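These are the structures, in structure tokens.
In what comes next, chain A is part of two complexes: it sits with chain B in the first one and with chain C in the second one.
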Partner chain A sequence: MIFTPLEIISFSVLLLFLSVLFVPLLKGNQRLLINVSFMLISLASLLGLAGGIWAVGGGITNKLVLPLGLSDLPFHLRVDPLAGFFLTVICLLSFFVSLYSIGYVKGYLGRRPVTSLIVFYCLFLAGMMMVVIADDALFFLISWEVMAAASYFLVMFEDENIENRKAAFLYMIIAHIGAIAILLSFGIMAGLTTGFESFSGYTFDAMRQAEFPLKWATAAFLLAFFGFAAKAGVIPLHVWLPEAHPVAPSNVSALMSGVMLKTAIYGIIRVTFDLLGSFPWWWGAIVLILGLISAVMGVLFALMQSDLKRLLAYSSVENIGIILIGIGASMIFTSFQMPLLAALALIAGLYHTMNHAMFKGLLFMGAGAVLHATGERNMEEMGGLIHRMKWTAPLFLIGCVSISALPPFNGFVSEWLTFQAFLLSPALPSPMLKLLIPLGAALLALTAALSAACFVKAFGITFMGHWRGASMPRVHEADWPMRSGMILASHACLLLGVLPTFFIDWMDIIPQQLIGTKIGASSGAYGWLWLTPIAPERASYSGPIVFLGILFVVIAVYLLLHVRPGNIQRAPIWDCGFAKLNERMQYSSASFSMPIRRIFGFLFKIKEEVKLTPCGTHKPFPKRLNYHLKIRDRFWGWLYKPIVDSSFWVARHVGKLQQGRIQAYLIYSFITIIILLLFSR
Partner chain B sequence: MDINIASQITSFLAALVLLTAFAMLAQRRMYGLVNLFAWQGLFLSINTAIVGFVAGKHHLYISSVLTLSLKVILLPYILHVLIRRLKVHKEVEMVVNIPMTMLIGIALVIFSYHLTAPVMELSTLVTRSTLAVALATVMIGLLMMITRRHAVTQIIGFLAMENGLFFAATSATYGMPLVVELGVALDILIAAFIFGIFFFHINTTFDSLDVDQMARLKEED
Partner chain C sequence: MKLYTFVTEFLQLIILIGIAPAFTGWVRMLKCWSQGRTSAGLFQPYRDLDKLFSKDVLLADNATWIFRFTPYLVFGTAVLAGGIIPMLTVDLPIAYAADVIVLVALFAIARFFTALAGMDMGTAFGGMGSSREMTIASLAEPAMLMAIFTVSLASKSTSLSQMVHVIYSGQYVFRPSIAFALIAFILIALAETGRIPVDNPATHLELTMIHEAMILEYSGRHLALIEWAGMMKLFLFVMLGIAVFAPWGIASSGDFIPILSAFFFMLLKLGIIGIGLVLIETGLAKMRIFRMTEFLGSAFLLATLGMLSFFILE
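Our next item is the complex of A and B:
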């Protein structure tokens, strides 16, 4: 071959930058602009996808030094299987989402120009791809900032709404605090590599070679983890996520939630396993514990939401938690020299990364289709869409089943692998971990169950029953480009669930490079049919057989119901003898989550208010009942509000220095000079 | 020339520079202020020439001529024109009254002597005793900028500060390299021009050159 994977990927990035230049030329014809540019982006994604798959499949590591950047600090590019894997995740979802966008973005036609949306969409994708192929701290941070800035403008897209501006601002602040932490972490590593006199330690290669003293390595790890956690939305740094994702255009939320959060996961793996290399077990414990907290709290928050996209955003927090559980467990096992289990846990984390990109992308696309069709995000107003949206509803259902970790879809496989890593772990040599690991497994099980409940609610309230709002808008089904994006994503969910052995064989090279062991998806005797991590006598799962079994049951039930015409009867709903039922009497989103709110209510700040309007003077016979429910994130009051308040307080008092009089400013300098002279004497 | 005589002459000129600095603090009239500034420049120029002669540094002659042409002739001329055009030759307004300013000035001179005492012990130059005066001139220039409310007096304060710096350079190290001095001279000239243009604009915008008016530019909270 003439090309290397890295060249293909670089070409794909270049294509994205070229389309940025080319988009303003077509500004006059917005419809054409949408068609052409998203086609180009899909093409670029396919190219990147090919490069990524090839890099992982062939176990190829390519390097390239670009003569760009500052003088003496050229940009280094590198693709290895780990980068290739994340490129595959990014490009696969961006391919689906770009196809979907051809239809979705047309919804803005006539309302506002979409040129800026397309420009920043390209930059956003290019930024994410560059983050993954960067091989020095400088280029990494530049790409990181390109990604953050572009996504800021995408969140800001509908900037006439105050909630968009607020969300984008919050996102910007947290992204930058994170970026500063990452910068400091790279600074520590680069400084320890070559000393602070020379800059040559800024390449990742130099960092890989270096040996870091534990104290500094810990500082670098904690800073990097903090920075990446802010991007990934790990609790308690998650507050920007449920604000920014709902207000962004849905195709952008799909990408932000599906893949942008994953770049942070990439960063964590790159820094810990690759750059720092060796670490004590408690680093892994930190990652694991924060992952557990994010998973449980994330899904509980998700359950309480009635805004569909906000629910999905909180569910992303949960899934990031599950991924971090895998990675944290892998770190613990690595530091205790249990490479096989470490590899299994890492594979589980990475597998879930891929899966979450697919089903969360699918769900956000589905939510976008609903939003596009009804103009509504609040589930309390929706209902009965299954009759109007005959394509979107089953596709959304596939996403829900996948994210609820039910076989035969993909969510099951990765969560099952995570459980295997937990359950197969023999007695670890630390009493605290002996407690932590079973507790982790129990919490993970709780998370899976709660997330199933959460998505029963999401699907049931949105698509089942009758329309709850005042008047039903004219709902139209998504058009073909949107459908095709969702159909492809749902097929990816199914394939990843049914044929996990192929996928794990493909990515087995990553743990081999990072930890030194493969897990070998299927032990020889069983072939590709059975997924048997570690040993067949311990645990095994066969995607194809389960799939066929489920398919058989579904077909059998369908036939049983439809073989005789009288088997299904349609009749009016039994109204318990009361007066006529109306749409407001349906099961609602708030009532669905009521039992769980009762149990876990202490975790939230709940304000519940019932107001009765009596009929005349007869108190026992209310004419009307108003119910208000307000559920707030406690972290905001605990962590963020004090910081916000104190910074405003400081700013107000510092502001008093600004007199606006020249003399005052001169006096400040004069006094400063005199004091400095006094001290320097 | 005998080194002792040279040293005495430089000290005498330093005293004159300090005297003009105090005179500028006390002067109420705008024209008088510009004239005092020109006098200060003249003393500075003579001092530079003498130092150049004694130390045998011939590039100091160029600095001296430069000072003479810029600070004694050109800048006072520009300021005169400015004052006439803007019609601001009335009394100078002060934030702090004159006796108080003078007292602060005296405190600054004492502070400067205190500050430069260790330098004077180490230095072997003829001009070492004038360093404290130079530093005091700088601080008095800054004090003038703080205590005056009028924009033109502020620029004179700024230029007086620059005089002090120049003086310090001559007395501490027999002057800066010629290139640096040329650059500084050019900077001062350009600064004066820019200030002139700004004053015209400030005058048309605020109908006054009182810098207190500019407090209105501050963002309200």
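Our next item is the complex of A and C:
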């Protein structure tokens, strides 16, 4: 073969950079610009996808050193199956989303120029791809910053809203605190590898070979995990996520939620399994516990939201939690020398990474189509869209079913694998883990059930019933490019759910390289039909048979009942003989989640106010009822508010130095010089 | 895999579809007797279904395809679930395609779409039913998973056939964890099948109904399918309980005589469990909706305790 996977991927990144240069040339004709540039980006994504699939499928590891960067530390590139897997995730979703963007971005035409959106979209995508193929700390951090900065500008795209500016600012701060932690972590590892004098320790190869003392390895891990967790939106570092994701343009939200968070997952796996290599079990326990907290709290927060995109953003926190549960369990099993279970848990985590990219991408694209059609993000104002959006509604429904972990769609498969990893664990030696594993299974089950409730609400309130707002806008269906992006993503959800064995066989090389064992997901004749991790008699799941079984019974019953042509009569809805039903009598988003709010309310800061305006003559009959509901994150008050307040306090007091008189500044300089003369002799 | 296993599988599905209404009839009959009323007989559910099937469907003007598709899906998932649970024999070909996690998920699919169908019309009742049903399910479903997981830990498999196999092959010892799981399972089965302390299948009182509120707008054959699937769900939960906690009597081979005896064992167990169910239902009053948290929370806690005790004692 003439090309290697790495060369194809590098070419794809190059194509993205070229499109950045090329975009301003077409600035004059915005419509053409959108068509051409997103076509180019789709092409680049397809190239990257091919490279990624090939690298994993062939188990290929390629390296490349670019003559760029510092003289002692040129840019190192490397693609191995793990990087190839994440490239596949990134490029597959970005292909779908870029097709979708052709239609979606046209919605901005006539309102504002989209040149900057396209430039930063390309840079964002290129940044994510470079993060995954980087093989030294410098290039990794540069790519990380390109990704963060580009996404900052994407969040800021509609910068006339104060909401966007606030969200982008918060995002920038937390992204940078995270980046500092990652930088320090690499610093520790490099310093221990070669000492601080030489740059060669900053390559990942050198870190792989080095042996780290436990104390320093722990410090490096904790710093790296903190940094990546800030990016992934792990609770309690999640506050930026539900602010930034909803305000970004929907195609960007799809990418941010679908794949940008995954680069952090990549970072965690790369640092722990690959660079540090061996670790004690409690690192895994930290990851697992934070994953469990994120999963349960994330879905509960999601349930409380009435903004559709905010709901999806909180649900990303939940899904990141589920992925971390898999990875944490895998780390625990690895440290106890149970490679088969470790491989199973890792596959479960990675599979969920892929699945979440697909269904969350699909859902954000669907939410974008709704936003595009109605100009509305608040579910309390929506309803009945299924009648107007004949394509978007079923596609969004597929996303909802997938994310609720219902077979035969993909979310179920990864959840099933995670449960198997929990259940098939023999007695672990540590008593703490004996408590943790059952609790983990319980909380994971709770998360799955709550997320079903959450997405019944999301779909039911948005698409079913009647329009809740004052007057229904002229709702139009999404155009073909948008539809095609969503259709492709929904097919990916179905295929990943029905035929998981092909996919798991393809990615089985990753645990083999990181942990040393394959799980061999299928066995025996017609192996592709059965998903049998560990052993067939322990557990088996056949996506195709379940799918066809449901399909067959439903069709059979339908046909049996339609032998005799049955009459269907349409009639207005029965209103129990009272006054006519109106759309304000429907259950709303707040009322749907009310029972759950009552059960789990202690986790939130809820302010509920009911104000009755009594009628003048008849006191018992209120003229108007106002209901205010405010639900806040307790973490903001616990963790962030003290920090924000104290930094304002410090700033205020330091600010007193600023007098605005030149005499005062001269005195400052004078005092400084005297102090320096006294102390630095 | 031999051909006769498909025959027994088919037989089992016929039994599920055929006998489920009779079991509901049996429970209603006992309930009437225990409350001093005259019952309508064992076969009244069949007559009800027949009546509904022969009626026309009356749909609201704004009913969508989801509303029309849901009854078929609910019925379909119930039938498929019946193919997984060992009722007569453990030698079931479909059982390998789906384990107990899939079984729970199949019930979840039915619930997901029923809840959506409830919200379809935009009536207050439908939304109320959906909201309550999803709330209860979000506590009951994990509890149910935990209860069954506790048993599956003992048999080291999540396949229901394999779990019964392990109990038969004598590797089974009664553990305290199983007792926890059994109590939790009974509480959840009452909640999931909408029986009395949680939901009342016989009421249409707006303040208390849950499942009935979601399906209030259904009529004709759609309603018949949903009602039938509801009866099958009750039957399946009983069968699941039997298979997981007391499988004795289920045939371990596919021969004629064991299957015949398994059938009679099944009828016997159904009769006894029906009596137990009626005792619970007549002995208890329906709970307020927000007392449900304690009921289901304790079920969840018991199931988790069961699993904990397994991990600690093993």
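A few points about this structure:
Simple rule for what comes next: the second predicted complex is superposed on the first by the 650 of 681 C-alpha atoms of A that agree within 3 Å, B and C clash if a C-alpha of one lies under 4 Å from a C-alpha of the other, contacts with A are read in each partner's own complex, and residues count from 1 in each chain.
The rule is short, and it goes like this: a residue touches a chain if its C-beta (ideal position, glycine included) is under 8 Å from a C-beta of that chain, and two chains touch if they have at least 3 such contacts.
Being a predicted model, the structure only gives us computed values, none of them experimental.
In the superposition on chain A, A:Ile599 makes contact with chain C only, not with chain B. Once the two complexes are overlaid on the shared chain, A:Val553 sits against chain C while remaining clear of chain B.
Within the superposed three-chain model, A:Phe670 lies in touch with chain B and out of touch with chain C [touch as defined at top].
After overlaying the two complexes on the shared chain, residue contacts for A:Gln420 are found with chain C alone; chain B is out of touch.
Shared-chain residue A:Ile180: touches no atom of chain B or chain C. In the superposition on chain A, A:Leu639 contacts neither chain B nor chain C. After overlaying the two complexes on the shared chain, residue contacts for A:Ile286 are found with neither chain B nor chain C.
On chain A, the surface touched by chain B in one complex and the surface touched by chain C in the other have no residue in common.
Note for the complex: chain A touches chain B at residues 652, 655, 658-663, 666-667, 669-670, 673-674, 677, 681. Looking at the complex, you find that chain B touches chain A at residues 95, 111, 115, 118, 139, 142-143, 145-147, 149, 154, 211-212, 214-218, 221. Chain A contributes residues 383-384, 386-387, 397, 401, 404-407, 412, 415-416, 419-420, 423-424, 427, 431, 434-435, 437-439, 441-442, 445-446, 448-450, 452-453, 456-457, 459-461, 464-466, 530, 536-542, 545-546, 549-550, 553-554, 557-558, 561, 566-574, 581, 583, 585-587, 591-596, 598-599 to its touches with chain C in the complex.
Within the complex formed with chain A, the chain C residues making contact are 53, 56-64, 66, 72-73, 75-77, 79-80, 83, 94, 96-99, 101-102, 105-106, 108-109, 111-112, 115-116, 119-124, 126-128, 130-132, 134-135, 137-142, 145-146, 149, 152-153, 156-159, 162, 217, 220-221, 225, 289-290, 293, 300, 303-304, 307-308, 310-312, 314.
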